[in-house]
Amino acid sequence: MGLKEDVQNTLGELALDFLECQGDLSVTVPKDKIVEVLTKLRDNLGFNFLSDVFGVDNSVFYEKLAKAKAKKKKGEEDKEEEPKGPPPPRFEVVYLLLSLETNKRLAVKIQVPEDDLVVDSVTCLWKAADWPERETFDMFGIRFKGHHNLKRLLMWDEFPAHPLRKDYPLEGQGEERILEYND
Amino acid sequence: MAKPIVKKKYTLTERVYLIEIIKGLGLTFKHFVFNVKASFRPGPHTVPTCWQYPEDRREIAPIFRGAHMLMLDDQGRIKCVGCGMCARACPAQCITVKRGKVAEGEESKYVGKTYPEEFIVDLTRCIFCGFCEEACPKGGIVLGPEYELAQYTREECILNKEGLIANYYKAKEEGKLKPPRKPVPVAAPAKKPAAKKAAPKKAEAKGTEAKGDAKEAKAKEAEAKKAEKEQKSEG
Amino acid sequence: MEVRRPTIEDWDNPGDLVTINIGPSHPAMHGTLRVIAQTDGETIVSAEPEIGYLHRGVEKLGEHLTYHQFIPITDRLNYCSAIANNVSYEMAVEKLMGIKVPEKAQVIRMIMMELARIADHIVCIGILGVDLGAFTPFFYLFIQREEIYEIFEWYNGARLTNTFGRIGGVEADLPEDFEERWRKLLPNLKKAIDETDKLLTHNRIWMDRTIGVTAFSPEDALSWGFTGPCLRACGVKRDLRKDEPYCFYDQVDFEIPVGKHGDVFDRYIVRMIEMEESIKIIDQAIKIYKEFPPDAPLMAKVPKIIKPPVGEVYSAIEAPNGELGFWIKSDGSDKPYRIKIRPPCYMVYQAFPELVQGEMIADLIACLSSLNIIAGELDR
Amino acid sequence: MNWVIAIIKVVFIWTWCLLWATVMTWAERRGSAMIQDRLGPNRAGPFGLFQPIADGIKLFTKEEFRPKTARKILFNLGPILFAIPAFSAYAVIPFGDKIVIGGKEIILQVADVNIGFLYVLAIGSLAVYGIVVGGWGSNNKYSILGGLRSTAQLISYEVPWGLALLAAVFVYGTFDLRQIALSQTGTFLGFLPNWGVFKQPLGFLIFTVAAYAEANRVPFDLPEAESEIVAGYHTEYGGMRLGLYLFGEYVNLYTLSALCVTLYFGAWNLPYIDMSKFLGPISYGIASFVVFWLKVMVFLLSFIWVRWTVPRFRYDQVMKLGWKALIPLALFNLLITALVIQLTV
């Protein structure tokens, strides 16, 4: 009985896609069902500990993969799905789960398209999602519906951009200059 | 928001503050007497745990990672060939190397066919990780024993070639040059990717070890050459 | 007796409360933390931590550095125990690439990590003492910490930011005089721990200040994502060294100390006992280390330029503060596509408002020190 | 002639207190260093003894900074209000027995007041005004917290302090500190020195604890608890204003130690030895002074010693200890003392 089958059985058709890498299993689920999925995983499979929540900006990732593929032409087949038709959603939110009983880890991913950056908050399930969600909002601009205090965490409140997006330059855009100091 | 209410349970000796406090006072008094006695010893290093800095210095490790030095070989030539491996390995991007080609007739002055025309280490950026030292195929750049790096201006923190060589001479005078680091024994290269996962057995490791060293050194040189070629092609 | 703790709803006019801005320039806030506390006299009605004062964009930086170049950056996460960070990151990359690290290197990593754990706990306990007004144990402990740093220095030339290990192994063998140094350090270290114990543990003033202060239930702690000593202090026996053993932790014999109430005293005691357990682990690890021939491999065969295959892994170890994990996504190039660090005290610190609510200002400081919040890994 | 002697005495004891206050700052730093396996300031002069002078110069030459929002008058008044009681409290405490110069008998005490005891209590409790005024005038939340903590603490510990002293008054039957000192000659119960500490062990204990609280010393240093409220009431102070607070604190310590020696440790009397019998009039005066000073020094150093050993109380615990433990104990002590005196006399 592998973990993958367990998750498949529990989630049914909610599990859109599996990715296995060096023994780490991650499952992609529909964006609007995330609370349902996590509740199921918590109650049925014993994933009772939320390790982390964070976002990933995949905009460059697909480009790079496509380039690599074009280069290789006959290269080995990649596990990632091919970007067909509409481009894949830009952002990903990853929930790292852990089962304290079996010490198994599972990553649950949702795809967040750039034009709909609202995700349901899971702070109702785990309080631990509080700051990670705020940070994800801060760094990627993904908003979490139902979060009680969704404001910037690491950057200051007036910061205009979302620095972990791939289009944000490493050196910054000179935001510190627009800080105004009131005496 | 139910916080657990903790009931305090104290033993009698804990309940009466004084007994434990007096024990503690005894302990601190022991330290006091020891240190007062020690502080009357001659010499700057009196209390064993305390160094009186400018006069009395702690011995630093021979492999200490301080300010950079450009190493010279026996004939006083810079070992560096200006390949730029260090600059590429540097996570803080504090090294700038400009490679120059050795002019004809000057071959005896330099180790290789190329030499560092410019070699600048920006100590304000450097994080002293030692990656440049590891990346260098010639043992040309080494982190030296110098740790007093405070300066009055930023410009003084930027070491050029002369400064780096001066660091070398200073360390040599003080006898603090470290022996070149031995390459770490590497596990026998696995032929198949599947075999990679198998734990290297001790016996197997033993046999291949001596060869491994030589191989590693060779591989390093080969890599350096490759890098040189790459640089050339880039240039 | 149930003590009713006031909440912010108890005030019709919150203007009656005093807002105290504790930090960032405050002696107990290390210059990097800030808590905005609403107080009624000395009692804290609500406290809101504000973080980001040491935000250096480490995760963004990681996307622009090669896999090897990121190792020195991990030093700067939890700078009290840089080695644990290094190893955690290296293990994540090794997992991503499927590298099996030579066993001798693993033992060296284990020894160094346990030394780093002792150093980290020394910092935590020392600062906790200072913040509660007991200055002296701080010095007794920190002198031993310097000696531990001496060992680090003679291993690879740096004291604080060690840049320990490389992807696929470690960069050097233990120096010849390592065991001698350790044997020399050991009695002093034990003595310092013992003296701290004598000065603090049974002192009624210390007990009054710590027992029952910011107690936390295990359910809450798990929900808030606590790991490490803070979780164990709440009574949950969880330690990645036992639960998901890495290196040689499954071959050494050690105990996991568990507290009861999750208060400051329990956190302190858990850390004190963990230091002693770490000493035990190091002694056993040295025995294992000695079984290896001196020329046993220390590095796996790793290509010079590391290009892991496309994929994503999460790897965590038990850092001194708790579960320190790295989630790495690779796009097949020589630079990680995304590095996400799961710092242990980030999760602990978000529960801070709940922890200190209803306590006094002095307890806020005690709680903060006992959680061992390191801004380097909090803000990243 | 008398007033000249009085002025000389005043000036002498004033400089003496100040001198030992400054030396105390050195002793505090060196002593704590020695306790903590360090060296402490040892560069200025032999053993770093000139360090207080260097500190003094630093404090005097620093900018007299006043925050913009501080209340000017109160801010300036605070340190003065703190320092004056500290310096004046010593007036009634003896610093030796007597010295005979040219047939004139000079009592080594600034003013031999017959209610000296009450004077010390009254003046000692005035110091709190300096703290609370300074804390309020700084217009800083930490300062106000420090000032308030100090007020509550000083008021709370005045009570057990006073009660402990009252029991001592029962024993000696006088308010006159010189009379108390003089009555502690000879032996008690045949083998112990006739010192107050053997007649009033509990009273001495309560007195000591309360004295630590009165002097704002660890474990009762809440008004200036560094890690909690930055520096408490003197957060905003710098330069010589801060210096006044610091010196005032050490002078306070000196006064408290002298009071403790006078009441409980036989003032200038050595155990079992009567110095006046084999010493000349001048040398006896000096000897009594030196003995008294040495005893005071022991207490001063114990303040340092305790400070670097124990942690700090929390505010409510200090109150609890004061009201729930020390006051009942002091009352109990008073009762026992009264009973014993009633039964024996």
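Residue numbering begins at 1 within each chain, and the chains themselves are lettered A, B, C and D in the order written.
By our rule, a contact is a pair of C-beta atoms (placed from the backbone, for glycine too) under 8 Å apart; a residue touches a chain by one contact, two chains touch by 3 or more.
If you're wondering where the values come from, they're calculated on a predicted model, not measured in any experiment.
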Nearest chain to the global Cα centroid?
C
Roughly how many whole angstrom separate the Cα centroids of chain C and chain D?
44
Could you put a whole-Å number on the gap between the CA centroids of chain A and chain D?
65
Roughly how far is chain B from chain C, centre to centre by C-alpha average, rounded to an integer in Å?
24
Residues of chain C touching 2+ other chains?
98, 136, 140, 143, 199, 203, 205, 208
Out of chain B, which residues touch more than one other chain, so two or more?
21, 24, 27-28, 31, 49
Residues of chain D whose C-beta touches two or more other chains:
35-38, 308-310
What is the complete set of touching chain pairs?
A-C, B-C, B-D, C-D
Using the touch definition up top, name the residues of chain C that touch chain A in the complex.
51-52, 55, 57, 59-61, 63-64, 95-96, 98, 220, 222-225, 238, 243-244, 310-314, 316, 323, 325, 327, 329, 331-333, 337-338, 340, 342, 346-347, 349-351, 379-380
Given the complex with chain B, which residues does chain C contribute to the contact?
1-3, 5, 7, 65, 68-73, 75, 98-100, 102-103, 136, 140, 143, 153-154, 156-158, 161, 163, 169-173, 195, 198-199, 202-205, 207-208, 211-212, 215-217, 261-263, 292-293, 295-301, 304, 354, 357-358
Chain C-touching residues of chain B, taken from the complex the two chains share
1-8, 10, 13-17, 20-21, 23-24, 27-28, 31, 49, 60-61, 63-65, 89-92, 127-131, 134, 143, 181, 184-190, 193, 196-200, 202, 205-206, 209-210, 212, 223
Which residues of chain C touch chain D in the complex?
18, 20, 26-28, 42, 129-136, 138-140, 143, 199-200, 203, 205-206, 208-209, 360-363, 365
List of chain D residues in touch with chain C within their complex
32, 35-38, 141-142, 145, 218-219, 221-222, 225-230, 308-317
